[in-house]
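Right after this note come the structures.
Two complexes, one shared chain (chain A), two partners (chain B, chain C).
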Partner chain A sequence: MNQKLVNILLVEDDEVDVMNVKRAFSKNNIMNTLFVAGNGVEALEMLENHIIPLPKIIILDINMPKMNGIEFLKIMRENEKLKNISVFVMTTSNEDSDKINAYNLNVAGYILKPLSFEKFLTSVATLKNFWQLCEL
Partner chain B sequence: MKEAEDKCQQELAALKKEFEEFVYIVSHDIKSPMRAISNITTWIEEDLGTVENQEVLANLSLLKNRVNRMENMMNGLLELSRVDRVELEFYEVNISKMMANSIALFETNSNVEFTLNTTLINENCVTLGAKLQKVILSVLDNAVRFHDKENRKVGVEVVETESDYEIKVSDNGPGIPEQVASKIFSIFYTVNSKDVVDTTGAGLAISCKIMKLVGGKIKYTAGINNGSIFTLIWPKIIILKN
Partner chain C sequence: MGNASILLVDNRKAIIESFRKSFSEIEVKHTLFSAANENEAWSMLDGSQKLSPVPKIILIDVNRTKNKGIQFLNAIRNHTDLKSILVFVITDSETEINKAAALNLNIAGYIPMSFESQTLNSFVSVLNEYWNIIEFSSQK
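Let's turn to the complex of A and B:
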């Protein structure tokens, strides 16, 4: 089967967390193109001005400077072109309020950033299965 | 007079808000660098490939263990600070079942012999179930975790009085030296070095705060033949302030 890999946009301000995702991708043999934005403002700019091809999946941190993940999600869901993108929230926040806010904005998943890289690898492996469904 | 009171209330509300924000910052902003240390350590390990020098490997493993401990302490601190703000739902609890289920959690992973005795007039009680569960698990965990004997025994006794449930958890473990018994309810205090038994030392501090919240009591007494006895006085009627 000739699969076309979907593009993924990572919205994350922490450099090590970006490295974390890249490393987990390569360990799990995830070959999808990964674009990175440092915060919500930057991500919106990239999407609205077509700086990057429209991704099918966004991995979104919550705590970020300038525009946090929840604010970004709100704006995104009101935008006709962007509102159908699958969003996975990936955060350290175990606060119920953050989870409720995210789910109210229709997210596909809520991943808590674990302390250990090994655990993160397992989460990413699970996501890989889902993404492959998006690619069919 | 009324004005002064209002001002006081406003200041209290502002302080509470500030405290909550502080806890939020601690939970997120400090966890990020902690996670970075843990992740980068793993990457260094991976990138080194086969390492002949055992000392290097041992040190990397120590580094990860300590970051892990730091995370557990941070989580303990957060839990302690949230005792009177989360899981405040009252619901009906079957006391005997809760005890038996809690014991079952430890039975599978430890070679400890448990006994449970209950003298109850009414098995069911509407109470802060999650809080009661937390305290019971914490005291049981203590009885099991620090046990050092071959023949390990933990006894749980529940007696219902007119106003309270009296829950007694006794073990035949090492007990707590008399001179440090007053410190065991302090956060992060551990009788032995944390290297001997890997523990955070937050459980009893959290339990103590819960008991204060519900208007109950937790106390430690030395067992007859060494060992420890923890007694919980859990009131049947709980009145929460605010």
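Let's turn to the complex of A and C:
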């Protein structure tokens, strides 16, 4: 089936992690347009001011300067135009409180960043398969 | 990662059996519970048949039971202890009457599906791999 590819917004402050996502996308043949924001403030600005077309998927880090992922998520869920975007948390935080907060704000998944790039590649492959299942 | 209970809500015994068989063949490690309708499901989440721990995942076809499925999801989203449950809508209905309403309730995925065994196995396999890479919060 020929599906129009949805836009994806990555909200991530670590430049190495941004590069890893781009590499993993490329190696998994994920051709969706990927936008990047360095923190929650920047992401909100991009979304609320229509600087980027509305994404259907957000990949969200938790620990970021200025505004962390949970704070961003709270504001997003209160915005009529943004509240239904699918959010996948990708973070190094293994804190139960972060998982609870994220799921209370109805993220679609909470993923711990694997330590090895190989494992990260596999996780991204799994995400791709899941997105295709949901016709995202 | 970690184990989670999964609650499948469907009034078709054949579908429930197909899922059980598929879960077994794919060796899904999460425990599968089933409810024949939304009332029974609610009882298993917050009533006389309450499961412990509460399931972390619900599988439901909201297009089958008019708007009962959507009302059920609404009730879950308004319940302090249940609102964080991951909901996957799985539907073989061609008329997606409740799709928009479901998407408004922050479901984890809206998945058009076929329940024929070979195809079902491939769907369950993808879902299982996805459930194996995500973290769940502590048991309740």
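To be clear about the criterion, the second predicted complex is superposed on the first by the 132 of 136 C-alpha atoms of A that agree within 3 Å, B and C clash if a C-alpha of one lies under 4 Å from a C-alpha of the other, contacts with A are read in each partner's own complex, and residues count from 1 in each chain.
One rule holds for everything that comes next: a residue touches a chain if its C-beta (ideal position, glycine included) is under 8 Å from a C-beta of that chain, and two chains touch if they have at least 3 such contacts.
Source: prediction; values computed, not measured.
In the three-chain model built by superposing on chain A, chain B fits alongside chain C with no clash. Residue contacts after overlaying the shared chain place A:Asn39 against neither chain B nor chain C. Taking the C-alpha centre of chain A as the apex, the lines running to the C-alpha centres of chain B and chain C meet at 80 degrees, rounded to a multiple of 10. Of the two partner chains placed around the shared chain by superposition, neither chain B nor chain C is touched by A:Asn68.
Of the two partner chains, chain B is the only one that A:Arg23 touches; chain C does not reach it. Once chain A of one complex is fitted onto chain A of the other, the partner contacts of A:Asn129 are limited to chain C, with no touch recorded for chain B. When the two structures are aligned on the shared chain, A:Ala108 is found in touch with chain C, with no touch to chain B.
When both complexes are overlaid on chain A, the residue A:Ile100 reaches chain C alone and has no touch with chain B. In the superposition on chain A, A:Ser116 makes contact with chain B only, not with chain C.
Between chain B and chain C, C contacts the larger number of chain A residues. Of the two partner chains placed around the shared chain by superposition, chain B is the only one that A:Thr92 touches, whereas chain C remains out of contact. Distance between chain B and chain C in the overlay is 11 Å (nearest C-alpha pair, rounded to whole angstrom). Chain A uses residues 94 to touch chain B in one structure and chain C in the other.
Partner chain A is touched in their complex by these residues of chain C: 77, 83-84, 86, 103-104, 106, 108-112, 123, 126-127, 129-130, 132-138.
Every residue of chain A that touches chain B in the complex is listed here, in rising order: 14, 16-17, 19-20, 23, 63, 92-95, 113-118, 120. By the touch criterion stated above, chain A contacts chain C in their complex at residues 77, 83-84, 86, 94, 96, 99-100, 103-104, 106, 108-112, 123, 126-127, 129-130, 133-135.
Across the complex, chain B meets chain A through its residues 24, 27-29, 31-32, 34-36, 38-40, 42-43, 64, 67-68, 71.
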